[in-house]
Amino acid sequence: MQVATFLAYLAAAALFILGIRRLRRPETARSGNTIAAVGMVIALVATLFVIEFQSLILIGAAALLGTVVGALSAQRVKMTAMPQMVAAYNGVGGGAAALIALSEFYHLQTSSEQSLVATITVPLTVLVGSVSFAGSIIAFTKLQEIAFSGSVSFPLQQVVNGLLFIVILVLAANAILAGNVLPFISPTASVAAILVGSLILGVLLVIPIGGADMPIVISLLNACTGLAAAASGFVLGNYILIIGGTIVGASGTILTNLMSGALGRPLGKIIFAGIAASGSKKSEDREDREVNDASAETVGGYLADEAEKVVIVPGYGLAVAQAQGPMRDLMEALEKQGKEVLFGIHPVAGRMPGHMNVLLTEVGIPYAKLYDLEDINPEFEDADAAIIVGANDVVNPAASDPEQDTPISGMPILEVEKAKKVIFIKRSLSPGFAGVDNPLFYDTDKTMMLFADAKQGLQDVIASVQSS
Amino acid sequence: MQVATFLAYLAAAALFILGIRRLRRPETARSGNTIAAVGMVIALVATLFVIEFQSLILIGAAALLGTVVGALSAQRVKMTAMPQMVAAYNGVGGGAAALIALSEFYHLQTSSEQSLVATITVPLTVLVGSVSFAGSIIAFTKLQEIAFSGSVSFPLQQVVNGLLFIVILVLAANAILAGNVLPFISPTASVAAILVGSLILGVLLVIPIGGADMPIVISLLNACTGLAAAASGFVLGNYILIIGGTIVGASGTILTNLMSGALGRPLGKIIFAGIAASGSKKSEDREDREVNDASAETVGGYLADEAEKVVIVPGYGLAVAQAQGPMRDLMEALEKQGKEVLFGIHPVAGRMPGHMNVLLTEVGIPYAKLYDLEDINPEFEDADAAIIVGANDVVNPAASDPEQDTPISGMPILEVEKAKKVIFIKRSLSPGFAGVDNPLFYDTDKTMMLFADAKQGLQDVIASVQSS
Amino acid sequence: MNSFLAELAVLIIAAFLGFELISRVPNLLHTPLMSATNAIHGVILVGGMITLAAATNVYIQAVGFIAVFFGALNVVGGFWVTNRMLGMFRSPTPRVKKRRED
Amino acid sequence: MNSFLAELAVLIIAAFLGFELISRVPNLLHTPLMSATNAIHGVILVGGMITLAAATNVYIQAVGFIAVFFGALNVVGGFWVTNRMLGMFRSPTPRVKKRRED
């Protein structure tokens, strides 16, 4: 039976790998997810054959509870809230690893037979697991805007974190060497201390990071949980934990790099500087400066009469206003008049990578019209109009202005200013996520500002396009 | 010590992997090879610590012998003979695996303690190892034109191979089940029979395959040896053999597919049909048909006066004539006259993939001028001349002619016929490797045939280019 | 000890595999990939089951219970939400395909 | 048996890794890659050494001797010839780089 279970674990591992492989291409991605899920089922069923039977009721109850909560939350969550949901799931995973290590520690203490490997990996698992648990929960609360929104920082943050980390390591050494490092602290006490310390560390690490970088941080914590799972695999001598955990740990690390590349923020900067957008910075002279306040009629008229090629740039505001439907209608209205309509999707438009793609495909705007940063920027030259709906940072030339040091400095942007006319549809002059004022707003002869809620604004524009 | 050796093995495995990673890009390829070699040294040294000391002299002697032979042969071999050299090295590797399995079998027979795994994997290793040994040797003799050149085939080949394979499997079962399958054959006898049978099988598998497909076959045998090494890793319970062997086995398989893709021949077709070029097929009416027999002066004059953009297509003949130097000189001569010169490199030009790149870079023709199939074909439209030096198959339009079923049918070719003028530099009208006549030869107003040895011909052309 | 070495070997190879697996993924798929791998490390649930089954007293049982609950939450929620995300992608057009493959 | 299972795990993961490792390699590098991997499976030499060292009689010694000889030939010849091949590539230009990366 042992052997059968082991082979089943290998099959599960193979399915995880095949699943991830398919997740690399849009057409096969969904099936990849399914395949990985099948692997998971196999691993779980196989495990049932190697554990005491009478414990099944308890396990079943706990699993059922988790399943229900997981299914409901996953089904209910709004697309815009995906990132924090992932953060939550990731956190509990880390928590589970830490708890497993804790009870293994208890076994080691009570039972006679010693396992050096377990003794070493237990504190490690507690550390990593707790950090990603606490960190993920903070990330969740931040993105849910429950608390700590923006970047919360206090003096000597890095120093404090560093010291705390060292303390934890010492405690770990103490636990491993059966209390011979700090004779006055028992191994049990030190493991408990490691738990608490790691939780605090997790909080401190994530608290200073602004929401703009959260997806990256979540991805990083995802990798951590993977490592925690692998570590607990060493504790239990369980191969599927080791393989699955390690693969997630490694691929998660790479993925984190890809993301921070897309956001244009080096990972180190994010973690150690917490430079991310605080959303607080406001430019005071805003009201004094004059803008070209355009009506939906003017905008619609221009589009209908003078525009041949139109690029639409959606942003976070579109998601907030749930205006993806009207946006598709605008596309159709313009195309009915024989105009070319493209969509420029910035990798970090919205609040999660791929956020805009998800929303737009949701309402059936074809892939073929969604252009990446590199693909769309050349298109602006001969575009007659760039319509920016509920976006700011991703089109903010300030990002490429060497003079300023803003949270978005260095981030590649969509060069809408190259288009003949730039049309903003947003509610006010207030800046975006990064809180950086946008010079384009005040370029009165190139820019039209249509102040409106994205949904309403788009509908009005459609109306006037069709009427003219 | 055991542990240290094991860790060293893991380090070696890591270096193998890193080495292969670097071998994927031209800039880093060479360092990748070095890194893998370092890993090998680590693995070998680590092994010294786990074996009896007194055996060192014998091991040293054998290793030294192998090193000397290996170094000399590798240093001496001509670039054009690379493929068969690789085949030879690959073969001995497979042979080593088979021999190791044999002696392990002896140990199993004599020693008391039984190992099921070893008992099963021994015959397997003997089988795979012997096949790739015999197969590689045949490949070597074919490419060296020692024997069996072209495709040697006899009736019912596939059937015979199939039967032989089944017999071997039965013998293997008999050996594993301690002679309970065929009571009249002892395990020892069956292993011996497996050895012989596998050697024959290896010969039969490779003999019918024409030289054109040899690089692919060698790559396939390379993967086989990898598997043999992995299998012997199971026999000996040795991780570095398992890891190294498996990685080579897997990556070798993929590589084989890439190659057969480049040659435009599906793997199955190669192995089971042995359709490859026999070089025998000759078209008799060749002499009767008239061609535009041009002198070096005519060619040089045309290039100097009327050509602005010239594409040079090198082939096997260039390698034979060792004319890469003159080819570079021609490039320089033409460029001095302000003409644009590109090189079109067919993936299978010459006798091994990358053959031409190796030769041309050897004489310092810059990478940037070497164009792949996909990259060069668009360039022919506005090329004033395509100079084909010692090549035929790779520019033979017959390959894309649905009417004919030739050995090269379906292979993508360099579309030289799109150029304003096509200039062949070769010694005669004899066709190429695949023995398929080239209609372009007889297109008298588009094609100039300069009948000469590649080296001589190029020098004459250069002279007349410079003089005019 | 030997079993540990074997596990270490698996760890190292699996790590390299993990690095290789994620390469040149289109931005479009960053979030789904994150969320799917997140679901995969929910395999920690296996550990939770083993722990809970081996629990010798009620405290450890409680700990194990929470671990299993957490693990199941991670697995189910993770795969489910990923599936929802991916459900929104229509079958792509050649252009997108091209962009991805070359 | 257990040790076999561990080895099996390594085999499977390593196989996947091998598949991932070779992807979109320029034609230019097919032969060097073949020849380098060919050198790597020369690691069979390790097995040869172990066998020869464990040889109990002269026949097995002879077999082991040949195995070691073959293995060393595979390793040295393989890496050497690969190195010679690659030695002929000059540092490439952006164009080639571009073609490879995108």
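Note that the chains are named A, B, C and D in the order they appear, and that numbering of residues resets to 1 at the start of each chain.
In this text, contacts are C-beta pairs under 8 Å (C-beta built on N, C-alpha and C of every residue); 3 or more make two chains touch, one makes a residue touch a chain.
Please read these numbers as outputs of a predicted model, since none were measured by experiment.
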Inset, instruction - Would you mind telling me which chain pair, B-D or B-C, is linked by more contacting C-beta pairs? - result: B-D
Inset, instruction - Indicate the whole-number Å distance between the mean C-alpha point of subunit B and the mean C-alpha point of subunit D. - result: 16
Legend entry - Cα-centroid distance, subunit C relative to subunit D, in whole angstrom: 32
Legend entry - Distance from subunit D to subunit A - Cα centre to Cα centre, in angstrom: 41
Legend entry - In subunit B, residues with contacts to at least two other chains: 17, 239, 243
Inset, instruction - Name the residues of subunit C that each touch 2 or more other chains. - result: 1, 3, 6-7, 9-10, 13-14, 16-17, 21
Inset, instruction - State which pairs of chains touch, listing all of them. - result: A-C, A-D, B-C, B-D, C-D
Legend entry - Of subunit D, residues touching subunit B in the complex: 1, 3-4, 7, 10-11, 14-19, 21-23, 25-56, 60-61, 63-93, 95-97, 99-100
Inset, instruction - Using the touch definition up top, name the residues of subunit A that touch subunit C in the complex. - result: 12, 16-17, 19-21, 23-27, 29-30, 32-34, 36-37, 40, 43-44, 47-48, 50-52, 55, 58-59, 61-67, 69-71, 73-75, 77, 79, 82-83, 85-86, 88-90, 92-93, 95-97, 99-100, 102-104, 106-107, 110, 116-117, 215, 218-219, 222, 225-226, 228-230, 232-255, 258-259, 262, 345, 347, 352-355, 357-358, 361-362, 364, 366-368, 370, 372, 375
Legend entry - Touching residues (chain side subunit A, partner subunit D) in the complex: 3, 6-7, 10, 13-14, 17, 239, 243
Legend entry - Touch list for subunit C against partner subunit D, complex: 2-3, 6-7, 9-10, 13-14, 16-17, 20-21, 102
Legend entry - Residue ranges of subunit D touching subunit A (in the complex, touch as defined): 1, 5-6, 8-9, 12-13, 16
